[in-house]
Each structure stands twice: as structure tokens, then as C-alpha cells.
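So, here come the structures, one by one.
Next come two complexes built around chain A: one with chain B, the other with chain C.
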Partner chain A sequence: MADLRLLFVDDEVEFLEPMAERLRRRQISCTTAQSGDRALEALKQEQFDCAVVDVKMPGMDGLDLLRRMRQDYPGVPVILLTGHASVELGVQGLELGAFEYLMKPVDLDELLDAVRRSAGQKAR
Partner chain B sequence: MPEPHKNPYRRLRGQMFLVLLCFGLIPLITIRIAGSLEYRKAAAARARSALESMVKNRKVTVELFLEETMRQLELLTAASSVEQLSNPQFLESLRTQMQSRGVAIVDLGLLADNGRHVAYVGPYKLQGLDYSSQPWFEQVMVLGRYQSDIFLGYRRFPHMIMAVKKRQGGRDWILRATIDTDLLSGLVREGGLESGADVFILNRAGEYQTRYSDEHHLMEKADVSPIPLHSGVRLAEERHNGRRELVATVWFPGDSWVLVARQQVPGQSGLLDAHSLVTWLSLLGLVVVPVLSHVIARHRLKQIQGLEAERAGLYESVAQSQKMAAIGRLAAGVAHEINNPLAIIQAQVGVLSDIVTENPDLAHVAEFKDRIAKVEAQVERGRKVMRRLLGFSRRVGPELEPVNVVAALDETVSFVEKDLEASRIRIVREYGSDVPIIRSNLAQMQQVFLNLINNALDAIREDGELRLLVRCADGDVVVKVADTGPGIPEKDLARVFEPFFSTKSGDKQHTGLGLAICQEIMRGLGGRISVESSPGTGTVFSVRFPQEAERE
Partner chain C sequence: MANWIARVFGFFGQEKHSLPDLDVRIGCFREVLHANNAALGFLAGIQEAIEEGRPLSAAQVRRLVAGITSQTYRMVSNLNRMTGDRYRAVLSRFHDIKARVARRVELPPTLKPVGYVVPLKEVDPSLAEMVGQKSAYLGEAGRILQGHVPPGFATTLPAYRAFMETDGLGDRISRVMEGLSSEDVAACFQVSARVTQMVESATVPNELVRSIQDAVAALPGGPSLRLAVRSSALQEGGPEMSFAGQYRSLLNIRPDGVVDAFRRVVASKYSPQAITYRLGRGYTDAEAAMCCCVLTMVDAAAAGVLYSSFPTSAGNKTLLQAVRGLGLSAVDGSAQPDTFTLDQEARRVLDSRRGVQSSLLRPGPVEGTQRVPVAEESSGDSALTPDQALQVADLAWRLESALGLAIDVEWAIDREERVFILQVRPLSDVAEHAAKPRKGRIAGERALIERGARASGGAGAGAVCHVETDLDILRCPPGVVIVTREANPRFAVLLPRTAAVVADMGEVTSHLATVARELQVPALFATRSATETLRDGEMVTVDADAEVVYAGRVEAALAATAPRSGKGTRDPHRELLRSVSDLITPLTLRNRLASSYSPRKCKTLHDLIRFCHQATIEAMFDLGDSAVRKGQPLRRLVSEVPIDCRIFDLGGGLKPRDDQQDVTMEEVACKPMIALWRGMTDPRLHWRKLRPVSLRGFMSALVQYNFDDDATMRRLGEPSYAFVTAEYLNLNSRIGYHFSTVDARICDTLESNYASFRFVGGATGIEQRSRRATLIQRLLDARGFETDRRADLINARLRYRPPAEMEEALFHIGLVMGYVNHLDMALSSDAVVSAYEEAFLLGNYDFEWGEDNEQESGVRGTGGRKGA
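Moving on, here comes the complex of A and B:
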């Protein structure tokens, strides 16, 4: 399988780094960003097949970032990831155009599956 | 020792019984007493007037009798000469003649003015006796006619006489007759008397002038208070032999005799007169009212208990529902705080896992793998708990679709069939043929089935029977999952639906949320879940799905 370029956005570095490392071990080129602003910067410089975005972040939160990305980078599917358990939030995210809404702690295989599906959809 | 929680009901029943009893008996008794008093009053009035008229009638009868006798005697005296009257044969013929005409005389005698008995016919040996010293002799000589009281006289036997003076040949003669006292007595009592009544004649001295079998004897002093002279009929009430009696008296002309009639005041036999229909009805009431009161009190109490139980059940279910919602809200509030650390642990240990997998030659690699797996399992456990808790806060109703309950159950069973073979558990299916397709939610229904079946299998462990029962009940579908496990102790039975309550222990991990979730789901589907268990025999969980789940 061809390498996927993934942008992983989460303010929690303790979570972000090991996740990125695990994804990289699975042939996924993973760029990390600890805030929405940094994610937008990364998006300016690189092309991504997919973005995994934490919903709850200080400053620009996941939903704001999602809105911006749907506007400026509609080609990059967004998978929302959250420790929150609000159905309303999930529905809102999907309405805003998120590809998938996953709950932390997420099973790695589940995440990989979602990532690949989103990238595959984009390819089509 | 009585069960303390039953006491309030018993007391309530007692109170209800008493109130009903009072409502039934008080009017009954009041009416009975009032009626009885009214009846007594009326009866007394009636008795007074009856007694009064009786006394009048008897007095007239006796008067007529005496008058007639006297008149006959006078007639006889006037019509016969002294010579004739001196002849005993003539006297005897007169006596027979009079007796045959119904005049009540016993004997006849002619007295000379010196008081000597000149002639006599009758049962006594009185011929030749001197009557001049007798008190009546003087009277008849003066008044011309005389009627005596009852007295003993020469014959030493109570009797009564009538005497008439006849003047012939310059001398006075007296015709004397003894009156049949039995006839007089009979006249007074003629026509019979009511029970408890008595009629008699007394003289001024209060002595009986009439006789009545063994009860009163002639000339005996009567047991009555002295009767003053009065005109007309006098009515009085007095106590006699412990009973209230009505006494009517009337004096005969001449005031020498008084007719006395007395009768018990009616209605003294008490409230309960055995012959009265009212009495029987009242007695019936006394029996029926308590019985009815008891029956009604019992019935009402049962209704109250039913309502109470229903209310308690409702309260419990509301309380349970609120508890679940509260847990849900709490879970939603802290979800982020727990899920994030869990996610970090999972990610970190994931890296470790990756490293170990990539370096199989590391020392203690097996132990690393083992311990990593354990950490991952615990993360998974925490994650599940959070997911389930969060489920409580969701209020989104399930999508409804046509569901074949039997098929849904069978499909669920197929998930666990492999486990069954391993643990030698037999499945017994009892499916009704009339189970309808209902509108419900398949996924949620199966979640309930899976939970119940898993619980049943955990309870049986090995070697046992899992009974699955599906039948139709009034259009609803009832599913029963029965196991042959050890059963649930009674003290735990009420708590099995509480969140975090679990009787399971040991190797398997349990959140204690399974049945709580089942209950939530059943509530959401408009159905019910219930449990029956007898320790030693097993446990039966019943779920009832309505024909069409109601949307919230």
C-alpha cells in the first residue's frame, strides 16, 4: 500500500507523539501539530491525504479547524477524535463535513481503517 | 412476632372495619330502639284504652247480673204469699224454676221477722237457724232489700246472699237467696283475658269477691294497694311482682264493690321480642353488617395495597431512571478527563507493544508481551465502562423497524453457540407458533438478548440447560431466558438492575452495567424486564416487547 500523508492534530503531546510513532511504523507519513494554528501552517506547506483532529483544544478547537479546512482545503478529509462523549458534538462534526467521528481511546486498527477509508474515498 | 411492615395495613383494615361497622350498626340500632319505643308507647296507649273499655263492659255485665237476680227475687217475693213461701215444696219448685230460667241462686230461705229460718231449700242445713244477730238482717229490715259481700256466715264457707223484705199480715218476712259465686266469678272473667291480665272484684276491705282457680280465693285479702273511692274508670300504673302493671278500677253503685282489672304494660319483654319480624331482621342485620364490613374492609385494603405496590413500583422505576440519567450526566461530564488519560496510556503502551513486536529477540520478550496485553485489556475495560455509562445520558429514541423476535433471538444464540458446546450446556427452545412480527429495534433487542444469555451462561458455568421461551401475550411478545444456575439470593434480586451491581466475581470482568443497560433499553422500547429466581433451581429473566414500541 502506498504511503499516506497524515496530519495529526492534538494538544496533548503525550498522546500525539506515541500515536504518530505507531502510525509511522505502519507506513503512514505522519506530521503532528499541537494546535489549530500550527495545523493550518503545516497545511500551507504540505499536501495531506487525511487529517486526524482532536475536538477539544485550547485556542482554535477541532470544529473551528474543521470549518477552516472544509473551506480552504476541501480535498483533505477530516477524522474527528475526541475524549468527549457528546452525541450532539459528533452530529455537529459530521454535519460540518467530518469524514468520521471517533472516540478516545481509539483502537489503532480502527483509526487506521478510518484513515485508509478516507484516503481511499479521496482517491476516488 | 408480627411482621412490622404489615402492621399499618392491618391497623388500617381494623379502622375501616370499625368505621363501616359503625355506619352499619348505629342506624340499625337507633332505628330498632326508636321503633321499639314508639311501638311500646302505642302498645301502652292501646292497652290502656282496651283495659278501660273492658272494665266498663265487665262492670255493666256484673251490674246487670246482680240487678236481674235481685229483680227476680223481688218479683218472686211479691208474687208469692208467706204461706206459699213457708212451704218447702213450694220453695223448692221456685228454686228449680229460677235456676232453669238462668237465675244464679243456690238456695232459698224464708226468714221471719225474729230472724228465724222458717223454710229453707238448698244444699245446706240451715233450717231453724236464727239470723237476727246477723248484720245484714238489720239492714234488710230497714232498707227492704240487701245484697251482701262475700262472707262466711253460718255455713262457714264464703258465699254471698241477696235478701228481700216482704210485708204481709202486719209482719215482715224476708226471702233470702244465696247467689252462685262461681257464676259471678265466671261473669267477671267472661270472654277470656289477655295473657298477663287479671280481673276481679274486691269489696271495701280489699277482699276478693270473685274466685279464679287457685290464684285468688274468695275473701282473701287481695295483693293490691288500697283503692280509693272514685267515680268512673280510674287508670293507674304500679309495680307488681317486679313488673309494671296497668290497673283499671271502677266502683259499683253503692261503693261496696270495686271491679279491678290489671294488665302488664306491654313491650316489657325487652328490645328483642322473639316473635317480631323486626327483631329477626335486626338480628340478621347484626350478623350481616359485621360480615359485610369485614368483606368490604378486606376488599378495599387489597385495592389500597395494590395501588400502593403500583405506586412503589412506579416510584422505583422513576427513581431508577433518574439515577441512570444522573450517572449518564456525570459520565458525560468526566468523560474527557478519563478518556484522555486512557488514550495516552493506550498510545504509550501501543508504542511499547510495537517495539516488542519488532524486536522478538529482546530479553523477557514474552513477559513484556504478556504485561502489555494486560495493560491494553484494562484500557479496553475502562473504555467500555465509559461507553456504557455515556449510553445512559443519551435520550435519542431507537429507530423502529419490523422485527422477528424468534429470528433475532436465534441469531443472538448463534454468537455464543461455540461456548455452549465447550461447557456442555444444552439449549431448549420453546417458541410459540403465533409470535407476531413487532415494531421494535433489532440491534437493541439483540443487545438485551446477548446480555441475558451471557448472564445465563455465566450462571450455569458448565453442564446445564439454557431454556429460551418465546410466546405471544395479548399482542406483546414475551421472551424468557431461564438458566439452571445457582439462582440469585432474594436480598440481591431487587438490586440486579442497579448500575454497578454485580454478583459475579472471579476471572471474568464485569462492569455491573449489563442489566441496568437492558432495563434502559427495554424502557426505551416501551417494554419491561423482570426477574424471578429461586436459589438452587435457577433464574428466569423475562422481557416483554410491546407490539409497537412507543417513541418518546
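Moving on, here comes the complex of A and C:
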């Protein structure tokens, strides 16, 4: 199975880096970004199969980033990952075109499964 | 891959609608199935959270509700995407239900940002989430009763947050509180002392100091101005808790002391009793915020509480309680207030009863309060004249009609006989409590105390422990009967582990009584003499419902009381989840096919989930009610198992044949399916036989289950779909009201081998369904599966075994499926579950639980042999 290239966006670095490291151990090539702006920079430079985006971030929040990505990078599916579960924001994010809405604490297998599904691979 | 896609979707080629590409449709189909499983998982999580007694946090409720809502949306949107928006009506149905769900569980977005302080005259209920309920109601009361609420201002949630963020105060507190348990009273005291000290010595940010000083300067009163700084707690994302009396109110504060008072009121968020109370109910510290309500001080000649609607033998009346001096004496248990009963229609005092008050609280000469003895010459008078009582009641009645709800208020009359309202709340549970039935005394038992007022119902027994000081609180062992002079709210910290509370004084309206009722701890107050009569260490039984304390342990009194269901029963988050679950969990759709009803019939998220699942499968295979279409690679399986199974060959799962007829197991080449079917068709299983059911289970099953009239078919439920290759099986089946998935691969590469089994639902109540899931879990555990159960949902998985073992595992799943089918009706108790478990493990697969089994230990059957 080919490596997947993942962009992981979260302002909480204590969560972001360990999670990215665990994904790398599962053969996912993982680029991290601590803000929406940095994510957009990374998107300019690299190609990604999928992005995992935190909803609540200072500055450009996850939904803003999602809007931008749907417009400029429609081929990169977005998985929203939030620490503040919300009925309205969850549905709003999916309406904006997010592929999946997951909540922290997230099970690594569950995240991995969503990443693979979004990238069009077989779940197993 | 491309090959089977072409085979699956060959028949779609003739569709006239403009449908998306094939691979998009396959993706949507897969996502609907995935979202369906995820949604059913949240559904089980919600049911479990409602049924079980563990404390539930606001965050957990939000997670469950947001989870099921977003996954339901994913089903609806993917269904529409794959069908070219054929189900737009379902989408609008979803949005209706979602909006109602969100309204119940989420805060309305704040329309205008607020500063650190808001003048009370600008506060209204729409600001409740910014200033706390106490300030919000009082602001509204000021508008309704011009001039009868003292001038003041509220500090806001942003003010609290700014304070907590300064020097990382909030983070430092979180670290100290980590891992604390409400059971460990000594640790709660230690943490409380430490955190209180941290908060009281923390820096208040300059901008907040200035805001408070400006607000104080804007109040009338000049240099002699004194203020009351009261707590107005804020619970984020959940209903308000009473927290009666657990927070600090500081009275008679000088203008330059308000900033410090703000800090001390915030610190009272960390009193031992507040910490215990929050932990015991599953609130996290971060969810609770503290705002202040700052009021011009009223130098009260008399003060007290009033309940606008209180049940009495003569119908609902208004109840007013009054003490001399500041009103705190009326609720802290230190005095018995004078009581007036008033009639709202006739606008008169019906009855008055004199209380006992030996001391009163009044503002100190410079700052703070002092307790002074009630003067000898006035102790015979009532605190209030009937006319004054009527004036107070009149204000409350105006408020009640303007707010449209029954209320309790705190009021005061100053030395110029002006009446003020100091606090307004929706009427708490006191009224409900007072209406509950009482019990008689039990004959033949020795009563030590036969007077008093039931402050909290129920009965409890234990050794007497006298408690007056904080040191007594620390020394007090669990399981005792607390005996005290005053019903002081400080003792609330002990309630979660106490058998009962008895106090000499105190009213059913006091703070301690409110907390006792919330925690369901029996409490008997106003006994006058308990501290003298009851000896330390002596065993007693407190029957609060009969208002009696017996010597020794009196089983009859304890038995007559329903067992205490624990501190979680009035958990406000559970109540919230329960109230919103009406829109989520019930399944009202009864029909098999999505095409046979309009989406408008979907009343709950569960209905939508089911509808979308069915509609997706219909869209995928265009099944409708017709038989298999020509050219469609879908075959009906003819088998002795009463399941209507359609097989979809993804390649190599069926032996090649030219015609399009039904197939038998002979022609199936899929290894996992063959093994599974061997289990399901084991001759020792009795599939067709109806399991005996207890009458109650049977009735509830009848209510929910439409029995198939077609008895000759006896096909249990809707078509099941098996997707097969030579090595792979995915079987989705709905039988009756349960839903199961088997997903497995068996090949020579060990790392690729797995078998997963998922089972959820049933026709009976959640309790019996959960028992069936438990039975399945145990039967699969016994075979080395990894299992995980939530309410009636069971997930089981086994991986990386050689083919022979994988086949054995699939065989076992098949056996279990056959064994437990319909068992939810029979599983009337945990003992029955164990009997069925034992029978199965002995290979007794046609075991039936009957009335006669209840006498024996259980495993008597007809065809018992050791399983293959």
C-alpha cells in the first residue's frame, strides 16, 4: 500500500506532535501545521491526500480553513477533529464539505480509518 | 477492483437520472454504511449513559449528541449525493430535528459581546450565559419592580476568564485538582485550602480592577456606600445546579474592598463542599465559572425567603419565612424563622407561626457583619407585621405573573420599611418535595425522637456522629448518621457518604435541605433536641418520611423506603441527555422498505438513520419489493436458515453458473461464509422454535414488533446482504429489530486474516437487549475474541489466526447468532443470562429457560453434547 501524505493542523502542539508521530509509525507521511495560515503555506508547497483539521484555532479557525481548502484545493479531503463537540458546528462543517467529523480524544485506529477512507483506499 | 465495480453497477447504466460517477457512488455507499455503524454506536452510548449511574459531564453529553447528529447528517448527505438529490425531503427533515436537538443542548450564540461588568439595570435573561442566573433574574426583576431591587452591577464571564488567565491561574488550579475524588473528604479539604489560597492571592488584571472601580463609583450612596458581593455561578453548557449555599456571599463591603471581595467570591468556587458537590456530579472545574452580583447593601430590619407557590393541605399557597436582621439566618439553619402562609387570590395572610431566634446578623460598624443576641424585649414579637408580609408577597406575585413561573425569592425590609428583592430563582424542588406522602410510625419500635420536619425523604440507619466544627467534618467516618445543632450548609461536604442527617434546627427550605434532597440523603430537621437525645456512636434509624428516629436498626423502616438510587439520579447532565433523547433514540418507523413511507414520517434521528440505511441499499441495488432483476449479479440464497439473504458476488464468491436463479450453499465458494453458515445451520440449534417468554417481555415485544403474517415463510425480517469473494465476507442483516454485521477475511497471509462481529438492538426494552449483548459478549470472550460492549451494542474481533482457526471462529459466530436470536425476550434476569451462557458452553444449544429452571441451578436440556 502506498504511503499516504497527510497534513495535520492543530494549534495545540502537545497534541499535534505525538499524534503525528504515531501516524508516522503507521506508514502515514505526516506534515504538521500549527495554524490555518501555516497550513495554507504547506498546501502551496506539497501535495496531500488528506488533511486533518482542528476546528477551534486562534486566528483562522478550522471552518475558515475548510472553506479556503474547498475552494483552492478541492481534491484534498478534510477531516475535522474537534475538542469542543458541537451539533451546529459539526453539521456546518460537513455542509461545507468536510469528509468526516471526529471528536477528541480520538482513537488512533478510528482516525487512521477515516484518513484511509477519505483518501479513497479500502478501509482495511 | 475495476472489475467488480463494473459488475456491481452494470445495471445502473440504464438509469435515466444524472447520477454521479460510479466510484463516487461506491464511496457514498460505503460511507453510509460506515456512518450507520458509527451512529448506532453513539445511540448505544446515549442509552448506556442514561441507564447507568455514573456521573456524566456536559462535555460527554455534547460529544454523544454531536456525534450522532453529525453521523446522521453524513448518512443523509451521502444518500443524496449517490442518488442525485432524490432525498432532499429527508435533508429538510434532518434540519428540523437537528435544530430542535441543538436548541436543547447548546447555548444560544451570544449576540453582543459584553465587557467585564454590566450595570444591573442593563441585565436581562438573555445575558444569563454571561452573568450567571442570579444576576440575570435580578436584573429582570429590577425592570419589573421599579425601585424594589437595590442598584448594582454584575461581573461577567469574560471578567472571570481574564482573571483565570492572568499568570496561568486556571492552569495551576487544574494541576492541583487533577485526580481528586469526591469520596476523599480529607483530600478535598487540602485541595480546597490550597486552591482558595491561590485564588485569594492571585493578581486581578488592571483592566478588570478599573472596570469594577468605575462601576462602583457610578452607584449612588457616597462615602457611606456599602455593598453586598454575591456569587452568581455559571454552568457552561448545562442546566444550572442549585449549589444551594455552597458559595460565598460577602455583605457590607466598603467600595475599596470590592475587588478583593470579587476574588474571595471566586475563591468560594473551591470551598470543600462546592468541590465535592461538583465532582460528585461529574462537572469538570473548567465548566463552572463564577460571576458576581454586586448590590448596594440593604441594612435589613427583617429579611427572609418566600416561595410563591407551595403545596399545603388547603391547596397551593404562598409561603414566607422571616427573621430579624440580615436574611442569612433564615437559610443557614441557625434560627427557626417566623412563617406566614398567604393566599394569592384573597391577598391576605391565612396563617402565621412564630419561630425561635436567639441571635441576629447585622452589618458591622465599619465592614462585614456581626451576630448579636435578639433583645429580650423584642424576642416575643414577630419579625414582620402581617401587613409587611403582604407587601413582600405582593412584589413576589407581580414578579411571578410577569415571569410566568413559580419563584422563590430572598427579600429584605430596611429600617425605613422599604421592601427589596435580593434574589429571584425559579422555584426549586421544595414544592415537589413537600407534596410527597408521609408515613406512619412503626409500632413496637422505640422512638428516640418523634418531632421534626422532613427536610429530605427516605430512611437511613447508622451510628450517630455529632458534627459541629470543620474538625468534626474531617473526623466523620462514612456511613454514619450526622447529628448537629444547626443545619449548616458546610456539612453538605459530608452528604455523599452519609446515611442520614438530623438537626435540632433548620427548615425544609434551608440550603442543606436542598442539597440533601438532590443527593437523596434522608434528613430530619427542627427536632429541637437531637443533639441532647442522641448519643455519639449509638445505632439509630432515621425515618424522615415518618419524622421519627428509632433506636437501633429498624429494618421495617428501611425496607418501606425505596432504596437510594445514588447521587447520580438527579444529575442535571443526565436529565439533559434524557430530555433530548426523545428526539434521538425512539424508532417509530415500522416498515421494512424506505420506499413505503414518506420521509416526513421520520420523527427522530434513529428514524432517519434507519430510513437512510434502507434507502441507500435500495438505491444501490434497486430492490424495491421485486425479486432479483435480470442481469443483476444479486442472488437469493435458499437455505434452511430463516433469513432472507441476498448474495452479491464481488468476484469468486460463487461458483460459476450461467443462469440467474437462486443459489444454495453448495454453490457458495466464500470461505468465511461457508464457515459462518455451518455454525448458523448447526442441527443442534432450534431456529424456528419460538423461545418461551415471560408475559411481561412478551407484551412489550408485541407492542414493538409487528409479527410477520406470512407464517409459512417465517422469514425473520428484511433481506440481509452478503458481499462475497472467495476470501472475504461482509454480511449485513436486520432480523426483527436487531442489526448485525459480520466482516471477515480468511486467506493464507496471517496478517490479513480477521473476523469482526457487531450486534445491536432488539425488539424489547433496553435492559433485556443489553442482557443479550452481555450474553453474546461472554460467549465470544470464551472463544478468545476481543470484545467491547456499550448498552445493547457489542463489538467483537479476532485477528491474525491461521485459516483453520479463522474458520472455527466464524463457525462460532454463526452458532452464537443462531443461539441468541430472539433471546432478548427470554432474558428476564441476569440469572437467566448465566443459565444460557452455561448451557451454551456445555454444548447445549437448544437450551430453554422455563419456570421449572428457576428452582434448579439451570442447565437441563434435551440435546446436550459437546460442541464441534
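Note that the second predicted complex is superposed on the first by the 120 of 124 C-alpha atoms of A that agree within 3 Å, B and C clash if a C-alpha of one lies under 4 Å from a C-alpha of the other, contacts with A are read in each partner's own complex, and residues count from 1 in each chain.
Criterion: a residue touches a chain if its C-beta (ideal position, glycine included) is under 8 Å from a C-beta of that chain, and two chains touch if they have at least 3 such contacts.
Computed from a predicted model, the values in this text were never measured in an experiment.
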Touched partner set for A:Leu112, first chain B, second chain C, both or neither: neither
Partner chain(s) touched by A:Leu40 [first = chain B, second = chain C, both, neither]: neither
Which of chain B and chain C A:Arg25 touches, first, second, both or neither: first
Chain B versus chain C as contact partner of A:Ser86, first or second or both or neither: both
First, second, both or neither for A:Glu100, with chain B first and chain C second: second
Partner chain in contact with A:Met60 - chain B first, chain C second, else both or neither: neither
First, second, both or neither for A:Phe15, with chain B first and chain C second: first
Set intersection of chain A contacts, chain C complex versus chain B complex: 84-87, 103
Contacting residues of chain C [partner chain A, same complex]: 23, 27, 30-31, 34, 59, 62-63, 65-67, 69-71, 73-74, 77, 98, 101-102, 105-106, 745, 754
Of all residues in chain A, those that touch chain B in their complex: 12, 14-15, 18-19, 21-22, 25, 56, 82-87, 103-106, 108
In the complex with chain C, residue positions of chain A that touch it: 84-91, 93-95, 100-101, 103, 117, 120, 123-124
Residue numbers on chain B that touch chain A, as the complex places them: 331-332, 335-340, 342-348, 350-351, 354, 358, 379, 382-383, 386-387, 390, 393-394, 396
